[in-house]
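Read from first to last, the chains carry the letters A, B, C and D; within each, the first residue is number 1.
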Amino acid sequence: MKKQMHELMKRYVLGLIMLAVVAAMLPAGARAVTLELWMHDHPPRIPLDKKIIDEFEKANPDIKVNLTIFPYSTFDQRLQVAFAGGQGPAVFNNVSLNLGQYMASHILAPADLKALGVSSNDELTAKYGVGLNGATIDGKVYGLPTEVSDYLCAANNKLWKAAGLDPAKDAPKTWDDMVKVSEKLTQRDKSGAPVVRGFDFNWTDPVFMWLTFNAMVDQAGGTMVNEATRKVDFDSKEVKKTMQYWSDWVNVHKLGGPQYTGSRDAFLSGQLAIECTVGPWFDSQFEKAGISYSFFPIPRWADAVNDRGFNTYAYFMMVNANADEATRAAAWKFVGFYASHSVDLFNEAGLFTTSPEVAALKGVTNDPVMQMWLAELKKAVYSPRIPGLNEVGDALGRARDRIILQHEDMDKVLSDLNSEAQDIIARQ
Amino acid sequence: MGSIELKSVSKRFSTFEAIRSIELKVEDRERVVFVGPSGCGKSTLLRLICGIDDVTEGRILIDGVDVTAVGSAKRGVAMVFQNYALYPHMTAEQNMAFSLRVGGVPKGERKEIVRSVAAILQLEHLLHRYPKQLSGGQRQRVAIGRAMVRRPKAFLFDEPLSNLDAALRVDMRLEIIRLHEQLKTTMIYVTHDQAEAMTLADRIVVLNHGNIEQVDTPRNIYHHPANTFVARFIGSPRINLIEVDRLATAGLDELLTVAARAFGPKVKSVGIRPEMLQLGESGPFSRYCRNVEYFGSETIAYFEGFDEALLAAKATGETHFQPGQAYTLSIDTSGLVGFDANGNALLAR
Amino acid sequence: MNRSSREKSRSPLARQWLGTLIVAAFALAFAFPVYFMVSSAFKAENEILAIPIHLVPYEFAGLEEFRRAMEIAPLGNYVWNSALVSFVNVVCTLLLSAMAGYGFAKFDLPFKNFLFFFVISTMMIPQQILVVPLFVEIKYFGWVNTYWGLIVPGLMNAFGVFMMRQFIAEVPNEIIEAGRADGASEVQIFVILVLPLLLPALASLAIIIFIWSWGNFLWPLVAVTNEKLAVLAVGITNYTQPYQRQPMWGAAMAAATLTTLPVLIVFLAFQRHFVKGITAAAIKG
Amino acid sequence: MGASVKAPITRNQKWWGLLFVSPAVLFFAVFAIFPILFGSYLSLTRYNLLTPPVYIGFKNYFALAHDRKFLLSLRNTGVFVLGSTVPIWIGSLLLALVFDSKIPGRTVWRALFFLPVLPPLIVVAVVWKVILHPYGMVTAVLSPFTGLGEIPWLTDPHLSPILLIAINNWTMIPFFAMIWLAGLAAIPDELRYASALDGANSAQTFFLVILPLLKRTAVLVAALSTINAFQAFILQYELTPDKGGPADTNLTLGLLIWKYGFQYFRMGDAAAASVVLFAIILLVTLIQLILGRSKY
């Protein structure tokens, strides 16, 4: 009896040890991963985000995705502080303009091809389209596009008609035309202040200095900051030409200026007849505001060297390089899954991602605006992806205000800017 | 020169009537003391005379000139405040010279005047000090000096000694009298301390609830108080007030007779100063001693009274009383005061 | 003392009318923006910028703008976080300040003067200067975007220690000695005998710390970027940007009113303490 | 310090005392003194928070001396400090005198006057953003004189710095008036009577008696308002385009420190700018304290 007891005990203990070993081995294979995912707010996209996450979690029961949405206006700032504080999310949507800064800070993990289920970058490009180029640096892919964007000009049909103009025929092709058309569209009150303006630049954020001002310099054949060599050239005749145009716009033609509220909002409220930082992805907003509109391409300089509109930009879903290996693999798996919903993103949230599926959609191939937009997108380039872009952008914005608002000497301001930008980039 | 006349002066603070139609004439060079319990209106009256507060009704005449509508500076009076009100950021000299400075007196002349005043007050060695660096008595003297510099027609003192310790207070009292004799200026002095009033005053004004209860010399006030209020307020220990009804029951028929004879049938109560209550050889008036205060030169004994109030008796220092023991008392009726039902004094017939 | 007598006047009535007029004009001019904020919180959106100005809401919107504010951003979160931060700040500051003030006032501890100077000297350090190194510090603690990082660096205020030491110095030593003679422990003496005597001072300090903590902006701005942890002062900036391209000044004014409300209540309820507290805190520079 | 009478101490109680003060001392060591030292060290490094700091000596300070933004911010801070010190001193004192006069309903008027002190500064910014909206009420009220239907109050490089000062002064003047009023209340009425008796008119009473007695209050007001102004941040952060614009005319040192640190992630430069700001504030405070020493 006693011996039996002893035997039983022995087996029991052995069993316990076995269990413990198995338990210890289990998580190594199938430990649950929770991915923190940060997205900026874009109301039409949110339901889709949730749907994709649900699907993904169902297909991968060992991975949980925790979505946090941030207001658009503070998203960049919050993301950067989170990374700086060592609390960055595993997966995040990031705008192309931040790329240089993030690369320099070693935040971005290169694509895990295995997790993405492909064997080469080419295969990846075939699957997700040329939009990938924006996140490809030195042959490595750092994110999959969730939105690739470029700008067209939109005309307020009603205001055009009131001025006796027709967007189809009278749309300005050159920047000089833009002045003439805007003058016709502008309605002024007794004091001469415009009540309705024709076109105006988007002055709200230094980022538009890159997307629009930089692009106009580029059209003229200049390069403010060379992405590859990091060479700075703000003292060029192309920059001066562009700056002179912006300055004349405000001070000579008096067609607008930084004192006005954001150009998009002004357009939506019927105070602006042309707005050129929009695209087909903005349709829902026009409709909501009850505005009848027509698109036309961004004008060029009459003597343009490069036939491009404004700069393109994109959002890429990216992975935190500081996450552990298992998390990174799970993260890339999710990124691939999310980006493969390009058709949903286009149909439900109006976000274009360059994937072949989207390009082949009837709504794209049959739509003249989409075709116009795609043609412009193909020509467009990204703003330089350098660290310190925002700081140089702030300096550029200040130089602009000094010339336009404070009427300082342009040569002096631009040479100041040149040395300042050089310092900024050198210190990165 | 410095007479001050109040003609039916009243002062109201919203609903509170602080001064009720007061008539008073202070003669030139007179030393008058306003005395009364706190809240009686004595300080308010002083401030009205000084011009700090405006009268609600009535007129104030200084030297026969109506100054009711004249600013305080131009009334030609000077005030010494209870807390001295010295300018803390000025030296004693600057404090004293301030009125001259704002009056546009040249610097040299100022200095001379201040020096001469300081000499009178023995302040010369303190002139460069700030108030913070002065003792209470020194500050007091600077405050008086500041008033003297203005050569006022009248000095007004608002409880000037209340912040000093007892010994210093007696010194300052003498000092003020000396000054008055030297300057020969009208002086009004406010205090709640009846002893101060008695020692300082040519005439005492007893105030209560904004009314004047009595104006007279200290001697008359003490011996012939106008009413029970004045009788009680002046003199320490307090006068013994006994209702005449009680006298019979206590077996003091003799006293009752004296009172009735002296004051007539209207007499309701009599006042007996403690010094008039003495140990008697034998007699009907016997009381238990309750408490004894020994002051060295005199002894004050408190006896069981006719109601809750004790009877005070003042005797020489050598007299021995034993609390708990009964003593036979005799009353010196020569200084008896009689009051009617309203508390007003009755004239002795 | 009666203050009316401070300045003599020959025509008191006219003078008083003129004075009242001037005082009223200044008072109303200074108060107007605050009134505008509160009244706008109850206006329909299109009334806020209406010209001529709607002094009172033509169409009383009730709590509509507050509801909208909650819809646009997690206002409830903001309020909760602000309340939590302020509460913890107040409680900890009171407790630690009273303890330290007691230690400095009533004990002869080693290096006392040095330690006291050490604590008091931190009053001279403006918050602006601490932000960068503090952020790096809490980053090393792993506290960025946590309640720890949000709350802990603001827990204490040297001014509290200074103020408490002044007050406790006035507490008679006899009370403490009697406590010791009666066999009370040091903790009992502090809690049962000393603390109750400090209540008025603690109330003033609580008001100061509450107001300071409730309105603190810079540190919560950098320490926390997670909306779930944001405090009201930082969260309110979300309302000044258009939401879905619509301006939302009504919601902004509602949130502004909500942010001011607790301070207003404290002001109205404890006006004496409030002014005393504020002026006492002013010495903190 | 230490002049108070002490309770008799046994050795045991000494340790109790230490126990009472240690949480506070520890706290300040970790969250005030250490960060100051640490910040001084950081100012000598290049550090972006993501890669470890690299010691570079005083290079950050030299770089600041050449940095347009920094020089501009010094100028802007100077302008803001000028605008929100002297006008505040005079304005708050004058208004304190106005509100010190005895008139019917004084407490109510005072309470109304103190209202701007209540909203946190960020709320002040939000409210003024609406009031100074380009088509807002101020534009409308002034339109009969200006003839304009839209005025870019906060986006104009000349107007906005002045307006920020005005907004700041709107909330700070009642605050400092509160302090002046406390100072005025502490002056015994007798001194005013005495001065009137001595024949001084109200101007003489004010300048020769009252004002000298407010010296300590004046030092307090001066020091506080200056330190406050040097730290200008919230109004500039919330009310100006691109946080400090237009043309960086509202980029103050405080805002620049934040930008260096949390927009450009140049912690070394941010720390160096902080050290400069600290030095300026300490110097100014010291000067004011020395000037404000009182002998009476």
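As a working rule, a residue touches a chain if its C-beta (ideal position, glycine included) is under 8 Å from a C-beta of that chain, and two chains touch if they have at least 3 such contacts.
This structure is a prediction, so every number in the text was calculated from the model and none was measured.
Q: Go through B-D and A-D and name the pair with more C-beta contacts between its chains.
A: Looking at contacts between chains, A-D has the larger number.
Q: With centres defined as the mean of C-alpha atoms, identify the chain lying farthest from chain B.
A: A
Q: Would you kindly tell me how far, in whole Å, the mean C-alpha position of chain D lies from that of chain B?
A: 55
Q: Roughly how far is chain B from chain C, centre to centre by C-alpha average, rounded to an integer in Å?
A: 53
Q: Can you work out the whole-Å distance between the CA centroids of chain A and chain C?
A: Taking the mean C-alpha position of each chain, the two centres sit 41 Å apart.
Q: For chain D, jot down the residues that touch at least 2 other chains.
A: 49, 193, 196, 262 - these are the residues of chain D that touch more than one other chain.
Q: Counting only residues that touch at least 2 other chains, which ones in chain C make the list?
A: 5, 8, 135, 139, 222
Q: Provide the list of chain B residues touching at least two other chains, using ranges where the numbers run on.
A: 47, 51-52, 71-72
Q: Where on chain D does chain C make contact in their complex?
A: 1-2, 4-9, 13-14, 16-21, 23-25, 27-29, 31-36, 38-39, 42, 47, 49, 95, 98-99, 101-106, 109-124, 126-131, 133, 135-137, 140-141, 170, 173-175, 178-179, 182, 189, 192-193, 196, 202, 220, 223-224, 227, 230-231, 233-234, 238, 254, 257-258, 261-262, 267, 270-271, 274-275, 277-278, 281-282, 285
Q: Write out the stretch or stretches of chain D touching chain A in their complex.
A: 46, 48-51, 63, 66-69, 134, 147-150, 152, 155-157, 241-242, 245-248, 259, 262-266, 269
Q: Spell out the residues on chain A that touch chain C in their complex, using ranges where they run on.
A: 43, 68, 70-71, 73-74, 77-79, 81-82, 84-87, 262, 264-265, 268, 285, 288-289
Q: Going by the contact rule set out above, which residues of chain C touch chain A in the complex?
A: Checking each residue of chain C against chain A gives 73, 135, 138-139, 142, 144-145, 222, 225-228, 238, 241-242, 244-245, 247.
Q: Of all residues in chain A, which touch chain D in the complex?
A: Of all residues in chain A, those touching chain D are 77, 80-81, 83-85, 101, 104-107, 189-191, 193, 195, 203-206, 258-261, 388, 390-391, 394-395, 397-398, 401-402, 405-406, 416, 420, 423, 427.
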